[in-house]
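Chain IDs A, B, C and D follow the sequence of writing; residue 1 opens each chain.
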Amino acid sequence: MKALILGSTGYTGMMLMRILSSHPQIDQIIPTSRSVAGQSVIAEDPGLHASIVEKLAGTDGCYVEFGEVDLGSVDVVFSALPHKTAASMIGPIVGTVPVIDLSADFRLVDREVYERVYGTTHPHPELLEKSVYGLSEWNRDEIRTASIIACPGCYPTATLLPLLPFAHLIDYPVIVDALSGISGAGRKEERNLLFNERSENMNAYNPGRVHRHVPEIVQELRRAVSAGSSAGSSAGTPADILFTPHLVPIKQGMLVTATARLTSPMSQEEAEAIVTDAYASSPFVNLTTRSTPQSRDVRNTNRCDLSVRVHGDHIQLFSALDNLYKGASGQAIQNMNIRLGLDERSGLRLSGEF
Amino acid sequence: MKALILGSTGYTGMMLMRILSSHPQIDQIIPTSRSVAGQSVIAEDPGLHASIVEKLAGTDGCYVEFGEVDLGSVDVVFSALPHKTAASMIGPIVGTVPVIDLSADFRLVDREVYERVYGTTHPHPELLEKSVYGLSEWNRDEIRTASIIACPGCYPTATLLPLLPFAHLIDYPVIVDALSGISGAGRKEERNLLFNERSENMNAYNPGRVHRHVPEIVQELRRAVSAGSSAGSSAGTPADILFTPHLVPIKQGMLVTATARLTSPMSQEEAEAIVTDAYASSPFVNLTTRSTPQSRDVRNTNRCDLSVRVHGDHIQLFSALDNLYKGASGQAIQNMNIRLGLDERSGLRLSGEF
Amino acid sequence: MKALILGSTGYTGMMLMRILSSHPQIDQIIPTSRSVAGQSVIAEDPGLHASIVEKLAGTDGCYVEFGEVDLGSVDVVFSALPHKTAASMIGPIVGTVPVIDLSADFRLVDREVYERVYGTTHPHPELLEKSVYGLSEWNRDEIRTASIIACPGCYPTATLLPLLPFAHLIDYPVIVDALSGISGAGRKEERNLLFNERSENMNAYNPGRVHRHVPEIVQELRRAVSAGSSAGSSAGTPADILFTPHLVPIKQGMLVTATARLTSPMSQEEAEAIVTDAYASSPFVNLTTRSTPQSRDVRNTNRCDLSVRVHGDHIQLFSALDNLYKGASGQAIQNMNIRLGLDERSGLRLSGEF
Amino acid sequence: MKALILGSTGYTGMMLMRILSSHPQIDQIIPTSRSVAGQSVIAEDPGLHASIVEKLAGTDGCYVEFGEVDLGSVDVVFSALPHKTAASMIGPIVGTVPVIDLSADFRLVDREVYERVYGTTHPHPELLEKSVYGLSEWNRDEIRTASIIACPGCYPTATLLPLLPFAHLIDYPVIVDALSGISGAGRKEERNLLFNERSENMNAYNPGRVHRHVPEIVQELRRAVSAGSSAGSSAGTPADILFTPHLVPIKQGMLVTATARLTSPMSQEEAEAIVTDAYASSPFVNLTTRSTPQSRDVRNTNRCDLSVRVHGDHIQLFSALDNLYKGASGQAIQNMNIRLGLDERSGLRLSGEF
């Protein structure tokens, strides 16, 4: 099978290259890039091994311009472009080839919310209703036939996986404090991302309801609350969230600590059973054997490790994942596996670091 | 003046040595240690500059046994010993010389709480009522005449400084997520503290109400709630807290994010004024000019930077400090300054890193 | 095929577990351990994914005692034990099953050198002559039939791979400065390896000729000098080295910078051709496309990236590898692949980080 | 006394601000900046404590334009500008006020060397002969009356302090491998300096004779060789160096390992005595009590810790310093202290971290 990547030189594009280069069912990769078209992939990204050229036969080992690619033989397109650019590039090809988008462009159902949050008009609003939200564990059936799969951001993935099984069992707002590695901010040459500004440093930012990922999290929580019970927890503002991201000096890693009041009593065993049941057939999501998850356990894997703790009338949920892997490119490949009828685990790493 | 240190070779002892070595009113330091008595201070801690020997004249530049010291000429005793050992060593000298203790032994008013939390009997329970809680900004008057000053731990300092001004204005439990640098765990040779286990790694631990510092935080919050208003927020469990510490790969630094529901509406301006008023005469505690505090700003200083954010009916409070400085040895010296009638700022650093 | 691991809970044992768990030709792993026999592998090392239990069928997912294993069905034994313990445990089984040892016990040909360097008698000196030095790229033929393969340490691997092709073309001593990640020192609970002592810190140690790996490096350089030319560079002390290791705050990574005077003039092109020729059929060793290698390019891979620079009558050689992978467990598996007649690359990672 | 800073917002300017803010003889600081003139110092650099405004009375707590400053009352000018810009700005005021320059513009005696290395014409070549090389320990007498003091770069300071006492006792080329923290590269928004590109990564760069600091090191070595003995080591190319810098994931720190052949035999004791004698009256440079220096010992101090090791006919020299402190701003203040007749140690930190 043949996979094309739009935007191959950012961190998520580079991670896609790594996973696809050792994916057993992918024979050919077409890395496109506007900025470095015509240049050698290995020279641009020396972490890739020279043997990747076997899968780059169609491009002579070089990045190519998207416009020069014959899409006819391509089995799947990944977009690792920034938002808006993604929708503009993807729009014309939707329907002709399965598209897996890592940007924010097709995550939000409501065009107005998108345009307010991202401060721009949507280039292809007509595609919003065709898009499937690519949180793999919760939307497998729809992903199997989707024309566009909108992969969630890293914060929503790390927040929703622990919260969704409890969405209809808790009061709102949930208090979510998230810790992110620096690569979550992308490969931008910004002062705030320099080694000297981040090592031995940490801070919260955009607290409360202002982070761009909040509407996406709230949208999915509400969907789950509606689905979760006929009654719903419809009183008050449903599925509200106070979300505070923190930057910590780690390259790849994300941790979520979510705290909420339970709507009715629950034992520690019941809480654990809810998690276990929800992810019984999901190889990448599991209760950790630790009391709380550690980010190194899942570094460079597609896993999300969870734990849960009941404190009287409150519940705390913990998750850890790699923001570039399960939080981005790994989940994108997981969605490809589902979409193309492959084993969901194919080509994806399971064991993390120590 | 002459200062004696009990337990000079842990991180807080080593930090006391650094601050006292350049403190303008301290002429002599007596570093005691059981494990390295008789050995050269400079050889044991090469980060200290050779010029410290001028202040070590009484000990020939070496650590000494506590039992061999003539306390008659000592103006202040610092204890950086572990809990229980601290009380055993300090007990006999209380009343003869001002004692500043960095352990947990004299922080809790209630002996039963202490014995439950620390799993041991208290060697000198009769001293508990004599002890003053050394959160400098809130107990200056009592510190001025105290015979024992019990310095708060780093988590309580970082949690109470932002919360106390609002203690009577919020519902409980407050949700507190704290991020700590690794030095908060001390200089123990434990696997969990190895570089390889902590770099590129993070995790929550002891979540909810089980961390040893929770009773200390709750004790002080309750005191503030009682004092804060005649009515108090007496409904339900007063001054309860859900406290979740997290370990992040930083050496020195601590961040607190606290979230609570307001008992009555408050504007952003009102919230900021409450902080500003509370710390108007406190040189080390200030609203940061940033939207949220960064830990590097206060690294190696005695500062605690704060910020506050009102989100509808909720409030979020943020703080940053250096767990070994304002969270331990710096605040101990601040208390010494107050106790000995010196300028509160004497010898303490104000400007952090960049 | 079935692989047994002696000493499964140190860093090299844990890395063996990771590589073998996804190795396509290994069906069963038998992890032995004295300290945690009977305990669950997943609980002890949560970074491993639960799916590893499929390969642990023979042990019920637990570590086992070595003495309880039936070696009859085992195809290969890895020893990740400390020196001396390794030889004692391995000695009795040599000849019955191929043994791949990661300790120092079978690296040195000369028993007296071993006993002087390691300050102990050798438990099985009769096996020294049977052992093959497991620097895969230079000893493939002997490895194919070896009963014991003594895998080199990380420093010797990183030093010898760039130096060996030039061993007969340079004057001695070579000046070698090596930078090592902290995991090179193992999983010991030592103060010097704590996060707080290593972050924002670096230092040289054991400079000159006193590091334990120097005799191993010199032994192999001399072998190469003898083999390299009939004349040899026999003047003075042949194949001498001044070797200075440095600790830097990295978990996994090693860098070598080696400088020597050339015995006769050489152009930059000639020098590069020597490297290219030496490793033409070695998939894991290559000239990097960068001017000098970076350690992240090879992190978590079995690669060693090289570069070379001629400065007038001097030459500089640069290498980068992952001390736990190509410098230890990865090379051990590479040797297993060669020994068992598998594809040399089987199960080993090629693409590093970015 | 009143100090003016040109270029206040780079790392060296920010470090100057920190040191001067607590310097006992400096009453007023005038921070100039083209990019943020008119903006609040505290808002721009929140690590500085609000109390610095007491020393910023003349500027209302803000950065000012250099052109608007009345130089009449200024006692000393620091320039932390980039090269060429520095010379252009400083040129017109030399002779009217002592100038301490941290750029490369006045370090090289030979204009042609400067213009070749920096690829630009020198704006004020007539000032080169007036300039004094600001390696404090070696040029105190000239610094006392200098109109321009050209502070050395961090690599030259860390290399020359250990080498100069031995300059006439060794063969050349000396092999120098240097390890630098990332802040040595300045506060530039470059991809290569991002946290994600530097953490868990290291590499050599510009090896041999191409780094810009090599001519400066060679110039000073040659001066020392000429001065060191009437005969000199005049054979071959005198005072040549093979210098290889390495980037390691540390913010502030520098380590040098230098290896050379001795021209005549020397004992370990003699070598140590040479160091001790050379720096007997230099408070910031000392033999460390460790076997080799560690960078954390000198972090945030003006120290350079040294050690020496004789290996037969070779000698190795080791040094550690903080590239932003003794390697830049600290040494600049040390030079100010000397130039203005103050205690050389005034305002400079001596004790490092642990």
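Simple rule for what comes next: a residue touches a chain if its C-beta (ideal position, glycine included) is under 8 Å from a C-beta of that chain, and two chains touch if they have at least 3 such contacts.
Everything numeric in this text was worked out from a predicted model, so none of it was measured.
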Longest centre-to-centre distance from subunit A, chain (CA-based): D
Comparison of A-C and B-C (more C-beta pairs in contact): A-C
Same or different residue numbers at the subunit A/subunit B copy interface, by half rule: same
Degree value of the rotation bringing subunit C onto subunit D, based on Cα positions, nearest 5: 180
Distance between chain centroids, defined by C-alpha means - subunit A, subunit B (Å): 40
Inter-chain centre distance, subunit B versus subunit C - centres from mean C-alpha coordinates, in Å: 46
Centroid spacing, where centroids are CA-atom means, of subunit A and subunit C in whole angstrom: 37
Contacts with two or more other chains, residues of subunit C listed in rising order: 11, 197, 199-200, 249-251, 290, 294, 296, 353-354
Complex contacts: residues of subunit C adjacent to subunit B: 11, 182-183, 187, 189-191, 193-200, 249-251
Partner subunit D, residues of subunit B touching it in the complex: 11, 14-15, 18, 21-22, 40, 42-43, 45-52, 199-200, 283, 286, 288-290, 294, 296-298, 300-301, 303, 305, 349-354
Interfacial residue positions of subunit D with respect to subunit C in the complex: 173, 175, 177, 179, 197, 200-205, 207-209, 242, 244, 246, 248-253, 255, 257, 259, 290-296, 299, 309, 311, 314, 316, 318, 320, 353-354
